[in-house]
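In the two assemblies presented below, chain A is common to both, partnered first by chain B and then by chain C.
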Partner chain A sequence: MTLALLRGAIAAAIVAAAIPGSDAAAQELTAAEQKGLDIALEARERRLGFGNFTARQNMLLRNKRGQESQRELRVKVMEVDGDGDMSLFVFDEPRDVQGTAFLIHAHKDKGDDQWLYLPALKRVKRISSGNRSGSFMGSEFAYEDMTPPEVEKFTYRHLRDEPCGELTCTVVERNPTDERSGYSRQTVWRDTEELRIWKVEYFDRKNAHLKTLNLDGYERHLDRFWQAGQMDMVNHLTGKSTTLTWTDYVFQGELDAGDFTQAGLRRAR
Partner chain B sequence: MTDSPPANEHGTGEPGSAALVRYTEALLARPWLVVAVTALSMLILSAGAVSIGVTNDHRVLFDERNPQLLAYQALEATYTESDTALIAVAPDEGSVFSQEALGLIEALTESGWQTPHSIRVDSLTNYNHSESSGDDLIVGPLVEDAQALDDDGVARIEEIALNTPETVGRLVSADGRVGAVVITFALPENPDAAVIETTDHLHGVLDDYRSAYPQISLHVTGDVLMNRAFADATRDDLEKLTPIVFAVIVLVTIAILRSLLATVAVVVTLIFTINTTMGFAGWVGTVFNPVNAGVPLIVLTIAVADSIHIVSGTMTGLARGLTRHEAIIRSIRDNAYPVLLTSITTSLAFLTLNASEAPPFRVLGNLVAFGVLCAFVFSMTLLPAVLALLPLRGRERADWRFLARLANFVIARRVTLVWTMSLLTVVLIAGAWRPDFTDNWTTYFDDRYEFRRDTDFVVENLTGLESWEYSLDSGVEGGITDPEYLRAVDGFAGWLREQPEVSHVQAFPDIMKRLNKNMHGDDPAYYRLPDDGELAAQYLLLYELSLPFGNDLNDRLDVAKSSTRLTAMARGGLTASQQRDFDVRAQDWLQANAPDLASPATGFTITFAHLSQRNIESMLQATILAMGGISIILLLVLKSWRLGLISLVPNYIPAAMSFGVWGYLVGQVGLAGSVMTAVAFGIVVDDTTHFLTKYRRVRNAGHSSADAVRATFAETGRALWTTTAILVAGFLVFASSGFEVSWTLGVLVAITLALALVADFLLLPPLLMALDRRKT
Partner chain C sequence: MPHSQVRRLAVVVLALGLTGPAFGTSADTASSGVVVFGSYLNPGTAERQAEVVRERLGVALAVTEVRIDDVVYHRVVSEALPEAVARQMIERAAQRGQDAWFAVAQAPRSDVVVDVAPDSPEQPSPEPLPAPAPAARAVPDEPADRAVDDIAIPIDIPETAWTDRFNRIDLTGSLSAQTRLFYRRIGHAGQRSRPSGFVAMPQLYVEDRTGWSFTLSPFYRFDSDDPERTHADLHEAYALFFGSLGDGQWETRLGVDRAFWGVVESNNLVDIVNQVDLVEHPDEKSKLGQPMAYFAYIGNWGTMELFGLPYHRQRTFPGYPGRLRFPWLVDDEIVTYESGQEERHVDVAARYSHTFGLLDIGISAFQGTSREPFLSPRIGVGNEITLAPHYEQIQQAGLDGQATFDTWLLKLEAIYRSGMSNRLGEEEAYASFVLGGEYTFHGLLETAADVTVLAEWCYDERGIRATTKFDNDLFLATRLSLNDVQGTELLISALLGTDHDSRVLTAELSGRLTDRWSVRLEAVALLELDPWDVLYETRRDSFVEVGLTYSF
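Let's look at the complex of A and B:
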């Protein structure tokens, strides 16, 4: 653990240097803030080097009446040195959007780039909204809820450690730095052993408890990378919920950066 | 009054007289014990009053099995909750298209997000405008940082806002003078505290902005605000009107009895009655709302009659030189029977309110019925004991010469009276077909409530607030982007827009048309539905991925994308029947043009539009049943078919007449109208009962019907006039409520009681003299 903490501290120093104007802020971090940031950096550290992966996603949407609807997607993710990941979603269900593909270039220091390929129009459209917290395909997930966010897009504060099931969890509050985010804060439960996220509580801009995400079915890939198999999101205000199931993980397959370009997007299907 | 037979001498013939005398004697032997025992029971029961609740949830008006309410709840569960608040921003000069006004709307939009329980905010500034630029689809709020806009920027926004069907008539008025922020809330299951919290917060925010922007006026309405007005009105009625009614009753009682001590006895009995009733209400877990907040008023008003009959009987006895005990015993002996009878008939009439569709009326009926029986019990126990303890002195009262003159007049002009009264009755009842039964939440409260003033402003200047909500189901998962479905919905929306009743239509195909235009380089020629279903689905996916937090389409589309919600806003001032008829026409159109989509309108408005009608249907049967039952009781009591049948006339006619008066003068009646007959009938019957039992007694003693009328006038006239005066005064105080259902009920009942008095003195006696010709 000492090695990990040391690595975290180094990473923190690098981050602090990388964000303009954050030096002063970094120096004023309280112990709790420092610890929160360290945990986030450490978690990122453990994810580094996965290269790429592909997986299938199934989304099960439920409304208050119990009415259900499914979405099927394939997802490809590629790690980018020194910047956010590139992700490609290909929609299989519902049928009328089959073959539609969504490409995201996440960035550490600016808004993400997003494109959508519409097979019926045979055209790629760029989405200029910079929006990450809107509903993803009508589900209770925002795009930013499904993927590990960039460490730089939040500030952190360690709250406490507490038992969670058979594990011990460290509880960290994170606040988005983007004023346009739909959230005022999130509370994240990670186990102290592997820093896997087990639960996230989302609070809206007036600080009301909006949603809760529970994660389960963790599996280790390549002996290193933990991925949840099931993510359950409940919206407490509307009573709607979505279950996101991940299957068929393949790490470090035959992907190249060309798949994550606008040209690659057209070929994606 | 020497020509009048001494009616009291005939009292001994009543059933159980001897037992009553023994009972009263026993009571008067230990008055303090009686006071102690009744006080103890009263205290135990009234302790329950602390657990009385007040609710502001308008849904209490509806039975939980009400089909319109169930449909509305299903709509909310499929899409999103639709409790809303609408803030209208109206600059005193010019339009909302200025840096200042747009900046205020922007700030209010952000405040909307900060309002407790809000889940969505739609405003002129955060409306997600979409446009294309090369291969980019740009989706963003119509206004961002209004303060930094230049004149061209403002002009561009004005151009877009006033030409987009999704905004104009909903988020901005067609003339551009008023803009809107609509906040949607998800309120908890029991919304009482949340409504107070939310509305307090909103009013606080608006007051702050009002002082910062004195030249822009702000108005706020919506169903959440209505709920708040509900709570305020309940409290106003309970806390302000009840003491007024009490004071009125005390004053009238002093005027009638002309004795402070006698009034004390009446007031003590009243306090016992009201405390016990309200305590009982608490014990059974009553939650008050504006509809039944009148319970204490009604109980006070009705209950006072029992004590007045007994106290004035006692005073008369004292004046004739009887001792206090003799006077009390005689008064109880004479009055116990009619008072019991009237208590039973009144309770029965109020119990019929259990048939009402609106649960608060059931509560009102049961509590008043309980209160009336309470009043009887205390009048038979506590009241004689208190009278025995007070140093009452009899005072010779001058008889009302007026009553004697009235009796002579009625007897002399009986034929003319029968005809003129019949004519008047027919003319008035003809108006009873005029009132239109309508419940409209936008007019439930009068001008004294800010809610009403703001609502009127919004309806006049921005948009109607009532709407028909349609959930249009394609029947197929993902079917909402099917071109045929889109065309059908668009056709329906187009038809709706042509209807004079409709001010704005929010329909899903408009979004598809706009996206189709965006996808073709914003060429206006492409502002039409895409021909290809897959293309439409992919446009929609693209658009949904672009929408920010809180502005998604989840309130317009179901999760399976199989149905969409269409909202047609109504113009202000429609009656419930117009609203219902409109939906019938809409259903006809759907049946003819898109039969697969046909499904009745639902929503807040339509649920209210059906409320009165459903209530009338359920109340009608119960009222007829109760009238029948009470008439049979009267027949048994009067032991005469003839008298029993004649009694129907003054019992039934007043309610019909007052509906007629209402029909001529006002024209619209809501929930109150549907229960008025039951409420008024129970009270009106009392007068007839008192009148006819006295009349029969004199008649049975062998006097002519004219003599019996004269005696009855002298004997009961004063009591009937005075109790009617109290009742009319009490219900008129009730009528000063700012809540429509209460004031309508108050006015209608007051008119009915006044007409009943007229009928009892001007119509009933001539009828008796004409029809009751038997020799005795």
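Let's look at the complex of A and C:
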């Protein structure tokens, strides 16, 4: 064995050792994919450490003829180390479902766990996570739009940067890896400065432009966390739209993981 | 309240001072941080990227490890810079076709998931950074700052009116008008066929600042025909307390409450805490309030619930003008109990439940007075026959489980009960179960609608001696949810006897008319019942019902 061959073998071994299995996929990313992923990772990191928050949501549902209907909800969200957030929604309006509560344990690597509390029977029901693409309370928001998407559940591709208002936006296409998602792809506009999402276009499984979400009224909480105050979702196929308004944000209040259990769900109201 | 504002600010600054290293206190100090040029799974890629950026910009760079949810990323960063300088660098980078972001340095917090490794062996790291804490700019003499208002550190409880002691005082509820039409002629003398009436269900909820609460939910039904169906009940009147204990949480409820156990749709065998309010609906799903002392502990290993039930509620039965009854009336004035303590016998119940991934399991036990009475005929003074309810002492062990998959569910409820008389009046211990599955077709025909089909097999080993209609029956149902603004739902079900001929069909349509008004239509058709069936005496009592509800 010559010295050159030995050197080659050692170099190969070092290269192999430097690429653990989990990195193999990352190696194959194109520059645009890598950049798209980078933006998503960076955006997630800026959201890390919020701990928990509570807020109120008002949904104004409008149909093609302009008829309106209101939804009022209270939301509690808690960050989980190493996994998706836990979210609890309690309905105040419409009144016939007042006290109905919905608990989601989001996961990065598998389907979410979901429970529904029906106050009339005082019954907690574990429900399947197959309803991700279904309408949330008759609104234009699907269940999968109601919780922040996990970075791991998409692949990414950076498309371009372009001006958006006074800001510059970086435009990334993301494709859900989850078959249960109702979307084939989403195009996301984030400003380059704070990586706030300003617009999302949703394409259905047949690749038709299904919905557009516009976000506005951003406010910074705890000097770090940007939250939109208003989200407008328009369905281009049906002409219906939903305006989701967030108010009364309280970050890092006295929430406990026990508030996100089935017992917590039963007393949520 | 300027004074309390100042106090709160002082506390915020103090709290932050304890959690992080020293930080600037000047109101004008801009935040500092690092410029990020990308994060990579592969350290080699990060190194190459760092080389490229160094060449392009001629700045000092480092690769640091960042752990995000157990995945280590290699991040190309600048040294710590004041924000203004960092912004200039980002602009310069952009001009040279290099993307970069500014990351505000973060004060270390115990619950922050980001974990920046300060010294990697090969790479000199720019960390740790001086940490301008989130609210560092809010100095005490500044006017109220939004960022500070957002920090909820519950420190000062202002001394104000008593209403401020409570987080919430809610009065909600519903009022319904209902009418039933029994469209077949009566089976027993005295029955009437078109009862109408209303239901009032207000609810008062008071929650104090700690989250402890009191709930009051009275119930009242007026029925135009049957005075036994005109009834009031206290569904809920309890105080709720909870808190942390060890790694978990405790919760206690004292007063009158309802507790639901079970997973299936047809017949919740394990559900035994509350008495059935039979005059409400023959489906036995309406329950009366139950006085109880309830304690639960919710730990990592599951939830343990204990019930002390100091008072027995009698089952309700229709009166003389009512349909859905035996030829003889049940007279609750001549009730008897096996226990000498009668209705004051203290029943006990316990349930352990836990989620194991896809599987939710509950194991329960009950010891005490049966919710189901044994009815024996008595001859009264006027030679009329009435049924006397007798409540025995029973023991019940229960198991309920559900496996939840993407679009389908598998469900089981099973009990073993002893101490109760069978249909022949002999004490007989028995096992009974309901086994079923549920499948949902989401987004049917490319609409928002879901269709769920479910099948459950209800089995009672007593067979013909069973005291329930679910002796050996198949329950088939389909639920259509339009997922529309009105929340329209249609439920159609069939209960089919397998040992003998019995067929009961039900259909239920419900939805909102407006945000406050909703409507419900129901039809129950007793198509065929053979003389052995528990429901035989009610075989003429098919009905349709219309209800209009106002919720407030």
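Rule of thumb we're sticking to: the second predicted complex is superposed on the first by the 244 of 269 C-alpha atoms of A that agree within 3 Å, B and C clash if a C-alpha of one lies under 4 Å from a C-alpha of the other, contacts with A are read in each partner's own complex, and residues count from 1 in each chain.
Following the convention adopted for this analysis, contacts are C-beta pairs under 8 Å (C-beta built on N, C-alpha and C of every residue); 3 or more make two chains touch, one makes a residue touch a chain.
Here the structure is a predicted model, which is why all the values come from computation and not from measurement.
After superposition on the shared chain, which partner residues are touched by A:T192: those of chain B (first), chain C (second), both, or neither?
After superposition on chain A, A:T192 lies in contact with chain C alone.
Considering only the touch criterion stated at the top, classify A:E79 as touching first (chain B), second (chain C), both, or neither.
second
Just checking: does A:P94 make contact with chain B only, chain C only, both, or neither of them? Give me first, second, both or neither.
Both partners.
Can A:L48 be said to touch chain B (first), chain C (second), both, or neither?
second
Where does A:D223 make contact in the superposed view: on chain B (first), on chain C (second), on both, or on neither?
In the superposition, A:D223 contacts chain C only.
Who wins on chain A residues touched, chain B or chain C?
Touching more residues of chain A than the other partner does is C.
Is A:G239 contacted by the first partner chain B, the second partner chain C, both or neither?
After superposition on chain A, A:G239 lies in contact with chain B alone.
One more residue to check, A:R123. First (chain B), second (chain C), both or neither?
both
Residue overlap on chain A between the chain B contact set and the chain C contact set?
Common interface on chain A, chain B vs chain C: 61, 63, 69, 94-97, 121, 123-129, 131, 133-135, 137-138, 180, 182.
What does chain A use to touch chain C in their complex?
Touching chain C from chain A are residues 18-19, 22-23, 26-27, 34-35, 38, 41-42, 44-46, 48-49, 51, 61, 63, 69-70, 79, 81-83, 93-99, 108, 111, 113, 121-131, 133-135, 137-138, 170, 180, 182, 192-193, 195, 219-224, 249-254, 256, 258, 261-264, 267, 269.
Give the list of chain B residues in touch with chain A in this complex.
Result: residues 74, 76-78, 80-81, 113-119, 133, 135-140, 186, 477-478, 481, 519, 532-539, 541-542, 544-554, 557-561 of chain B touch chain A.
Under the touch definition given earlier, write down the residues of chain C that touch chain A in their complex.
Touching chain A: residues 31, 36, 38-45, 66, 68-71, 73, 99, 101-104, 106, 109, 111-114, 134-135, 137, 146-147, 150-152, 154, 172, 174, 205, 213, 240, 242, 244, 248-249, 251, 257-260, 262-263, 285, 296, 298, 303, 353, 355, 360, 402, 404-409, 440, 442-443, 448, 450, 483-487, 512, 515-516, 518, 549, 551-552 of chain C.
Which of the residues in chain A come into contact with chain B in the complex?
Of all residues in chain A, those touching chain B are 61-65, 67-69, 91, 94-97, 100, 102, 114, 116, 118-121, 123-129, 131, 133-138, 142-143, 180-183, 204-206, 208, 237-240.
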